[in-house]
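There are structures below to look over.
Common to both upcoming complexes is chain A, partnered first by chain B, then by chain C.
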Partner chain A sequence: MSKPKIGIVGFTGCAGCQLSILDLEDELLDLLSLVDIIDFRMAMSGNKKGPYDILFVEGSIVNTKQEEELKELRTKAKVLVAIGSCACFGGVQAIRNYRNDRVIREAQYGKDADKFPVIKVKPINKVVDVDHYILECPVNKYEFLDFVKYFLIGGKPKLPNLPVCHQCKAKENRCIFLEDNIICMGPIIQAGCDALCPSYGLPCDGCRGSTLEAAYQQQVDLMVKKGASVSDVTRFLLKYNGEDPQVKEFLFKAWMEHDKNLKYGEDDKE
Partner chain B sequence: MVSKLISRKKIPELVDAMIGDFIVVATTNKNNVPTLTEISSSDEVLFDTELPMISIKKLFHPAKQDLFKFNRTTGVIKSCLEESDIGVEKKIVVFGVRPCDITGNNVLDEIFKEYFRDEFYNTLRERALIIGINCLQPCYENCFCESMNSNDPKSGYDLMLTEIAKDNFIIVPNTDGGKRILRLYPDLFQEPTDEDFEKYVRTLELKKNSFKKDILVEGLPSELEDKFESRAWKKYTKECLFCGSCTFVCPTCYCFNVKDKISIDLKTGIRQREWDSCYYPEFASVAGGHDFRHEKERRFRYRYLHKFIDIPRRYNVEGCVGCGRCITYCPADIDVRDVVEDVRGEM
Partner chain C sequence: MTVKKLHLEHICRVEGHGSLLVEMDKKEVNNVEMQIIEGARFFEGFAVGRKYNEAINIMSRICAICSTSHQLSAVEALERSVSIEPSKQVEDFRLLLDHGENTQSHILHVGMLALPDFLGYDGVIQMVPKFPNEVKLILRMKRIANDLQTLIGGREIHPVNIKPGGFGKYPTTKQLEVMKEKLIEFKKGTQAIADLYAGLEMPKFNNKTEQIAIYDGKTYPFLKGDLKCLLSGKTVPAEDYKKDFIKEEVRDYSTAKFSTINNGEIYYVSPLARVNINNKFLTDDAKALVKQFSLKLPNFNPFNNNLARVIELMHCVDEAIEITAKYIEKPPKDDNKYFKIKAGTGTIATEAPRGLLNHSYDVDKNGIITRVDVITPTAHNTNKIEDDVKKFAPMIADKKQEEIELLLNMLIRSYDPCISCSAHAITIDFRRK
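So, the complex of A and B:
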């Protein structure tokens, strides 16, 4: 069997996921003995635009040109994988979907705002079919590697579907939410990061998206009970996951109910 | 009589002496939370502290454990027990274990030793000596060990320290391993006098009066069985975050999930197990995709029914030991006593 051809491409995002893959220093040479990387602009020259056996896509889609480009790439890829929060849930830039995008563009480009037409920020599954998701911001390099390994032996890794509290308790971390009154999204966010932030005394930011059947309302009620405002908590949820369908539904409702002064989702026309 | 007397100021000396001969595990302030860890000096030990966050179960049933290595092409498997340091001669001494944790571990012993013999658990368990410390009064407001009959275990420990009077402890061996420790350090112990024994008996009498029962477990299994569709389950389901913290800090929760990790050569791999929680969505899903507890309410109820009905009926021990950890570490402030009473109280 010839080695599968792999592409790693990026749309709007910080390119941190691509960097994370390059950061697989101990495994990179072994990886290259298993696959042919034919398209990886961040790392090499002489890139070929397909056909790919697996195409990893980083970043979210913010304008029509990118939409066309992604659709074109999809036709050349047997398997398409979304990597990182932007490609999976819209990422940080999806906050724009909850604001007036004209105001945002004018803040950046002034009078030239019209020269930069945008659409609502989309995770890539709103444009093309996605076969698998690899989470985290930036993408978890070991989960990336696991996906490649599983693909080669003919399978797919499973999302852990556990909340961050699972790994936090297993590591016997101090619970910063209970002990120090810090807003932490651990109870409703997908684990897999080995509770990285809470292990260093920082709250979980929610970069891996919400876990299956996450208890948003309970989470918000609790944080409010501890002294946070509803907009504080929802802002936390929005940070990476603006376009996570589960979170989105909840966020809109929460914001509409609790904070009528903030005109979120004003430009809600697709 | 093999019991000995030891003064309070000699206890750190005992710990330090044991460090030379054993691997000593005690409660320390690692990560700014009471944690059981291997220690290298008695200075690290928190002597008069409440319970460690995770009970001694983690020493015998770790959060993550390698089971065996496999080769996909040759089909050869090799147990990780053979190549780890588990087989080394040095025994582990766990110092300062509270009665509720000893009782909790007796539940795990029952399950992993008697009901189903788990080599991984037993290899670690047989290597450990447990030095308990008697609680003479409830250690904090969430403790309800008396209700669960767990503050006076008859087995599951090797030595038990009981403070009989100001700064003096009676140390009672319960196994040959315990007697061996007493013999190893004769200079640290004194022979107790008749008066000391009287004090010891009196202390144990006083202990009985210091605890009160928060909930009555007599008849609880059948009562809960009759309240299967109680509205109280719904009420608490709405408060619960399903983060699973209570199951990890629980000394008698033992559920685990098994996963394979493939190496980069695609031929070899390792099978691991890690703690799992019945509060998680896919916990009860089986091959073919059916999930026996697909609703949150069922998952919430299940844990209580398992603790208060299944374990007592199947193993004839209480499934809950009343240590109160699940109350302390619940982000949603759910109190197991309230849940049981609410369900019970409903007509």
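So, the complex of A and C:
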């Protein structure tokens, strides 16, 4: 069997997911003996634009040109995988989707704001079909490696469908949410990071997106009980996951009546 | 009349998306546009309204390779905004973490992004069959640098362990001892990389322009200092970076802004600018590399940024070993966790791996951010890169198209541009008449 052809491309983000793949220093040479990387602009020149057996896509979509480019790439990829928070849920820049776009653009570009028309920040599944998601900000490089291994033997890895708390408890970390009243996103965020932040005594920041059937209402009730204000809740929920369907559903159905300042889609150009 | 148009679309082996357009009439360059086509993300817009301690993680998402620099700049500037003063121990560990990033970024650049150009390969992946030992050494060094970032920051990219006033958790003595051994191994590797680079010929090109790096008159600083100009000798306090000094303008073809100083003067920031301005504060073994490369200082050849990176690899690993040894002797204590915060403004100038980085914030009495301003190294350098191309392209105009494209790519790569940063890459478009 010939080696599968792999592409790694990036749209708008920080390039951290691509860099995470380059950070697989101990595994990179073995990986290269099993797959053929034909397109990885950040790491090499002489790239080929497909066809790909697997195309890994980093970053969110922020303009119409990128939408066209992504659609074109989809036609050349047998399997398309979203890597990282931006590609999966919009990433930090999706905070913008809940704010007045003009005000935000003017903060950065002043009177020249009109030169940079934008669309809402989109995770890639709003533009093309996505076959698999690999989470975290930046992407968890070992989950990336797992995916490639599964692909080579046929199949794909399953998400554990457990919250961060599950792994945090297994590590016997002190619960800073219940014991110290530090607002932590652990109860509703998808496990897999080995409870990284809580293991440093810091709260889960929420960078892996919602766990399946995440109990947002209970989480918010607990946050409020632990002293969070309405705007605190909104800010915590909207840090990385503005386009996570479960976050959006909760915000639209239950939270907007509490947070009167929260709006979606308030921009001058769609 | 033949029109020579060169459009290097999507410059490779750089971080992010950029293109270069060059239009030439015989040997005269008519137009150069450094087009940063990275989608705009508006950090300065959406970070407003966030609490000061939340913005640290948000600002690092400007860029992965410099995520530690962005976090450290953000935390220090935000601490100033709300009147929190970090201890000497916190400053030491921040510098140690920063050196993890500096060494990681520099070994990535000199080993994986730049070296393939000098050896005639598309990338480090293609170098594996012919140079297996070199590639293994580079990957090993990159691993060690990342181990340092992980030990102090919790993760290689976007550290999780930084917070106002200090760190979530400090490493144990045992962990520091293991790290020190690895850093000593890294230092040996650095000499091997230096020997390799000493045998390479950097393309010849001089463009004498103003250079800026931070300066404290005592150390080779990365995290704190005033802005110092190499040619004019002028020193500007970090807080006054925009007071009659740096001006930014917006151009239609780029999502990155273009900067000048003193009303229109082109300048640049880089590892070479740091070596030019602060070389007398380098460690002895780093100074020895300046000699080994016969690098004449001050230096105005941007390609020599590659050599400056190798020199800094040595300097940073030396300092990292020193700090590690210090805290093996005297283990770190837990930080003070409780602060009273005040409203205020905090502005800081730091050195990211690619050069000067400015972060500035206003925070209100509730700790909510009301204004953010960031100038990244690549945004400092966009004007200078265009100016270099204008002057360098005529010098190589007689060469074959392929060679011209390679050399222009190498010129841009020598800045190690970080395009996510600047828009908060590069494609080359070359037109010749």
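What we mean here is this: the second predicted complex is superposed on the first by the 257 of 270 C-alpha atoms of A that agree within 3 Å, B and C clash if a C-alpha of one lies under 4 Å from a C-alpha of the other, contacts with A are read in each partner's own complex, and residues count from 1 in each chain.
To be clear about the criterion, contacts are C-beta pairs under 8 Å (C-beta built on N, C-alpha and C of every residue); 3 or more make two chains touch, one makes a residue touch a chain.
The shown structure was predicted, so the numbers you read here are calculated from the model rather than taken from an experiment.
Engineer: If chain A is used to align the two complexes, do chain B and chain C fit next to each other or clash?
Structural biologist: Chain B and chain C fit side by side in the superposed model.
Engineer: On chain A, which partner touches more residues: chain B or chain C?
Structural biologist: C
Engineer: Just chain B (first), just chain C (second), both, or neither: which does A:177 touch?
Structural biologist: Only chain B is touched by A:177; chain C is not.
Engineer: Touch test for A:20: chain B only (first), chain C only (second), both, or neither?
Structural biologist: The answer is second: A:20 touches chain C but not chain B.
Engineer: Touch check for A:44: first (chain B), second (chain C), both, or neither?
Structural biologist: A:44 contacts chain C only, not chain B.
Engineer: Touch check for A:99: first (chain B), second (chain C), both, or neither?
Structural biologist: After superposing on A, A:99 lies in contact with chain C but is clear of chain B.
Engineer: Applying the document's definition of touch, where does A:200 land relative to chain B and chain C: first, second, both, or neither?
Structural biologist: second
Engineer: On the chain A superposition, what angle, as a multiple of 10 degrees, is formed at chain A by the C-alpha centres of chain B and chain C?
Structural biologist: Here the answer is 110 degrees.
Engineer: Of the partners chain B and chain C, which touch A:152 in the superposed model: first, second, both, neither?
Structural biologist: In the superposition, A:152 touches chain B alone.
Engineer: In whole Å, what is the nearest CA distance you get between chain B and chain C after the fit?
Structural biologist: 10
Engineer: Name the residues of chain A shared by its contacts with chain B and its contacts with chain C.
Structural biologist: In the superposed arrangement, which is not itself an observed complex, chain A uses no residue for both chain B and chain C.
Engineer: Which stretch or stretches of chain B touch chain A in the complex?
Structural biologist: For chain B paired with chain A, touching residues are 30-33, 35, 53-54, 63-64, 72, 238-245, 248-249, 261-262, 264-266, 274-277, 280-282, 296, 329, 331-332.
Engineer: Enumerate the contact residues on chain A facing chain C in the complex.
Structural biologist: Touch list, chain A to chain C: 10-20, 22-23, 25-26, 28-29, 32, 37, 40-47, 61-63, 66, 91-93, 95-96, 99, 103-110, 112, 115-116, 118, 137-138, 196-197, 199-202, 205, 232, 235, 239.
Engineer: Enumerate the contact residues on chain C facing chain A in the complex.
Structural biologist: Per the stated touch rule, the residues are 10, 12-17, 38-46, 48-51, 54, 57-58, 60-65, 67, 108, 112-113, 116, 122-126, 128, 135-136, 139-140, 142-143, 146, 154-158, 160-161, 163, 167-169, 250, 252, 255, 257, 372, 409, 420, 424-425.
Engineer: What does chain A use to touch chain B in their complex?
Structural biologist: 27, 30-31, 34, 145-146, 149-150, 152-153, 161-163, 165-166, 169-175, 177-179, 186-188, 211-213, 215, 218-219, 222
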